[in-house]
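Before we start, here is the structure in question, set down as structure tokens.
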Amino acid sequence: MSFTTNELMAYAVSRRLRSEDLVFIGVGTAGRAYTLAVGIPLVASRLAQLDHAPDLDIYLGNLLSPDLAKMPTQLTQDAITRWPGAHAPADIGNKVDALVRGDFTVSFESAAQVDRWGNLNITAIGAAEAPDVRLVGTLAQAEHLAFVERPIIVVDLSSRTFVEEVDVISSFGHASTQGSRRQLGYSTGGPALVVTDLCTFDFTGQGLMRLNSLHPGVTVDQVLDQMSFEPVIPDQVPQTPKPNEEQIKLIRNEIDEGQALLRH
Amino acid sequence: MRDKLTPLEQAVASIPSCSTVAVGGSLLRRQPMALVREILRQGTDRLSIMTWASSLAADLLAAGGVLRSWEGIYVGFWWYGLAPNFRRAVQWGEFTVQDRSESYMTARFRAAAMGLPYLPVAPIPGIHSIRHGVQEVTCPFTGQQLHAVPAAEPEVTILHAYRGDRYGNIAWPAHRDSDDLDLIMASGARRLIVSVEEIVPHEQIAAMPNLTYIPHTKVDMICQARFGAWPGSCDTRYDEDAEELKRWLAAGRDPQTFADYLGGLLAGGSHAQMIEELAGAQRLSSLEVSER
Amino acid sequence: MSFTTNELMAYAVSRRLRSEDLVFIGVGTAGRAYTLAVGIPLVASRLAQLDHAPDLDIYLGNLLSPDLAKMPTQLTQDAITRWPGAHAPADIGNKVDALVRGDFTVSFESAAQVDRWGNLNITAIGAAEAPDVRLVGTLAQAEHLAFVERPIIVVDLSSRTFVEEVDVISSFGHASTQGSRRQLGYSTGGPALVVTDLCTFDFTGQGLMRLNSLHPGVTVDQVLDQMSFEPVIPDQVPQTPKPNEEQIKLIRNEIDEGQALLRH
Amino acid sequence: MRDKLTPLEQAVASIPSCSTVAVGGSLLRRQPMALVREILRQGTDRLSIMTWASSLAADLLAAGGVLRSWEGIYVGFWWYGLAPNFRRAVQWGEFTVQDRSESYMTARFRAAAMGLPYLPVAPIPGIHSIRHGVQEVTCPFTGQQLHAVPAAEPEVTILHAYRGDRYGNIAWPAHRDSDDLDLIMASGARRLIVSVEEIVPHEQIAAMPNLTYIPHTKVDMICQARFGAWPGSCDTRYDEDAEELKRWLAAGRDPQTFADYLGGLLAGGSHAQMIEELAGAQRLSSLEVSER
């Protein structure tokens, strides 16, 4: 059974999710950015719940365990307000505490720039002061990469995004010119996986981005064409595992019936 | 309890130019837009603002050219894209920007709420946003190295809320979207101005005191401003006005076009009059949602 | 019109309360202790509201501005739960913050021991470890004496209570053998007034307890008989002002109609 | 979400002797008495406990002779006087006592909730209770001298609450008495056991997520224990049992008399059986109050 790239990406994420995970999903922006930041993570989480991780937990915005069986087809403010869920604390400080305490095991990240160490930039292109392009700021992404066990970066491959060195380090990956994670005092964490529209990456013990799998039909050269740096490339690069028929049907018929999540 | 019900115009007149103002709300929700528009009408200038995730408020103040600095975790238009005027003003170096990540920003406001000059935070080394006024401290028990941030000390805090009595007790509905920092901002405020959708009798507040999230003791002025977050949303009251946001973003592509758009927004002369006109044109009723 | 000692004490307190005050009242123990810790402060606060301080605010337990016109005649748990009021925050940390920030201007204190400097002991008689009598602990009284503008001590005069030096300093008054308030680093506050069944005291600039007024018919010797130390005694000691007929009627007919507050 | 509904006996069996246990509730309200009685039945010994304002829980554990230390702001019987067994045990030096004032104790639990090893507190110099493990720290911004307390690190936290689902989402009624620290104790807990008056379907919780004050992610075991705070109160459910408290206090005048009284309390063999007997004797229905 054929599948879309978005479905493959969602499946690639869902395979990494475990029943004991507490997954943080943010509230991304519109269009393709929404699919990457919210759509794929939600589909992957629900697929994991239905497939192999029944107890998997999600925190979305400031709502714990939104009922994914009652996912709103359009996330207007009122639909979010009314979404049934287990817990919505009195203010967002509670979620920040949970993050810092290390309660979250997985988080999802988008960024305008990602570099070979997994540093992320959502702050500015160019200098941070008077930049060429001002982006949105910082949010809690810095906390994700500092305190979450296995952050997953979901972005499309593009040489504008995958840069040698990010212009501004909004969130710290595995190393920078200042030193390694350990040298800077991080004890754990850092990006675990990068899922793109052409391939997936993980990171070497030295914290360098490494090609982990190629989507069906994609070559290494096609990947390198879309990157401004060369990742570590193992001798053997496996194919990204494909979802089976049952999983594809789950996505299409149950999880994203209204095509709100994987539309773009 | 004293009567703190104040006309919006008078409340805004009490905000001095050159002051630091904490602005509540998060993303497109409960931005204090009636207060912000009145700030622009009155020409209050050279403001330093502190925000959580801001959108319309920061963008409009940037468009009005009244900002001296911004500190916060985010300015953008959520589903709708980047904040056009804020973005341009930062790119042109019109004011300074202090980026903060969520835990550091929360700690700034919590320190104020707790009456402390600083709070320690679990350090996030090597990132851009810790360059702004972060110090190193050592835990006296474990020797652990931590960061410290100073208490937020805005001179004025402005929030938009659901309902309150004339004494300034502000209550939320039992079911709401709580993805913001308004409660903590209010607790640590020095001078607090709150606009509300609705003024209700004190008896209604007193019957459910656990729903009051901002007590009158913290509030200096409470103003009635129906649709006070428009064109943003006020959860349980109305959704964001998608059509208006698209007009805003289209106008924002060019500074002069937005100046004209802003002039139109501020015409009418007062928030009450603006809302009356919009309501008359049936533009607001379609946004309304019902409280659970 | 005649009045009881409790009524006189309540009036003496109410005269010190101002319309702009935020008054903290605790949840004292039974019998006479209840009258001193809760009854007299509540009657005084309500009398002040009705007499000269209409905007005066009270914080009782974790409830701001309980409606004193609807005071329960018996403070069972359920009566407290249902007492209408302006604000009851999600946990008691909020009240602690308000205390430390200096939001409260007046508080009421009971204690097993009070010394010449206004130090209070609610912890233990004898040594703190393995004491002769273990009392209740500390509560927020230490914070009251540290951060509240004008704490008012309400206790009956007795040589067992008014001691040369408290056995344990639960809450710091104006000085101790360790030094003065200023030497220890306090910037403001300390006990402002002591209201007893025989007289009232205030404190000198040096922080020593000073006889402030004698209740009608009480002599200085009677006061000294009930104290284990000698307070500062001015040449002229005025009489404690008496409530007028209207004030007495307010107490009896409106404020404490059920005699729950000033019974003991 | 996982099913965390656990028999009370099994939950208590997971508390090791010699551990530090944070015990929730305040004054006579929501003391986790069903859990405490089961601790005594099982003979769990040498416990260090941390409390806010405790009454029945601390007094019964002291009477049972299972305490190694207590840390908290208060132990007493509120309207009813001093805590007889706790008081005697302290006077006899049976365990150590760490008095804390409210701001210091709050900071201990808040530090744990915030994932920090310590918190600064506004100093209260010269008082007895700061002798216990308080350090001096300096604000790196203002130079102000402050005190610091270490994060509370109890191995187990036990609370009694109103209602929850079998996954461990614990909700309060919209109108309640909130004069306690349960929320913060739960947020900072390492291992959390909550007994509730009522297990409700998850759908009931999910309909009002803002009322959940303890999320299932923080809860290790949830136990059903109707009248689980008896003879104390559970606000919105039942008042304290004044008659029983008087019996308790009378027995508490003498250690042997109280030992007999305690034996009677623990007889029955289980909380469920004890409550069934009391309910059969119509002793509980008169205490019930209605939720608003």
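As written, the chain order gives the labels A, B, C and D, with residue 1 at the start of each chain.
FYI, a contact is a pair of C-beta atoms (placed from the backbone, for glycine too) under 8 Å apart; a residue touches a chain by one contact, two chains touch by 3 or more.
These figures come from a predicted structure and were not determined experimentally.
Asks: When the contacting C-beta pairs are counted for A-B and for A-D, which pair yields the higher total?
Replies: By the number of C-beta pairs in contact, the winner is A-B.
Asks: Using mean Cα positions as chain centres, tell me which chain lies farthest from chain C.
Replies: A
Asks: Calculate how many whole Å lie between the centre of chain A and the centre of chain D, each centre taken as the average of the chain's C-alpha atoms.
Replies: 40
Asks: For chain A and chain B, what's the span in angstrom between their mean Cα positions?
Replies: 29
Asks: Can you give the whole-Å distance between the Cα centres of chain A and chain C?
Replies: So the centre of chain A lies 58 Å away from the centre of chain C.
Asks: By residue number and range, which residues of chain C touch two or more other chains?
Replies: 63, 88-90, 100
Asks: If a residue has to touch 2 or more other chains to count, which residues of chain B qualify?
Replies: Within chain B, the residues that touch at least two other chains are 115-116, 121-122, 175-176, 178, 209-210, 213.
Asks: Are the chains arranged, by touching, as a line, ring, star, complete graph, or other?
Replies: Shape = other; not a path, cycle, star or full graph.
Asks: Going by the touch rule stated at the top, which chains touch which?
Replies: A-B, A-D, B-C, B-D, C-D
Asks: Under the definition above, what is the set of chain D residues touching chain C in their complex?
Replies: Listed in rising order, the residues are 26-29, 52-53, 72-82, 86-88, 90-93, 96-97, 99-103, 106, 110, 121-129, 145, 175-184, 213, 233, 235-236, 239-240, 289, 292.
Asks: How about chain A: which of its residues touch chain B in the complex?
Replies: 27, 29-30, 34, 61-63, 75-78, 80-82, 88-93, 96, 99-100, 123-124, 128-143, 146-147, 168-172, 176, 178-179, 184-186
Asks: Under the touch definition given earlier, write down the residues of chain D that touch chain B in their complex.
Replies: Listed in rising order, the residues of chain D that touch chain B are 115-122, 133, 135-137, 139-142, 144, 146, 148, 150, 174-176, 178, 208-211.
Asks: Could you please specify the touching residues of chain C with respect to chain B in the complex?
Replies: Those in contact with chain B are residues 22, 55, 57, 63-65, 67, 84-90, 94, 97-98, 100-103.
Asks: For a test of understanding, state which residues of chain D touch chain A in their complex under the given definition.
Replies: Per the touch definition, chain D meets chain A at residues 1-2, 113-116, 165, 167, 169, 187, 202-203, 205-207, 209-210, 212-213, 215-217.
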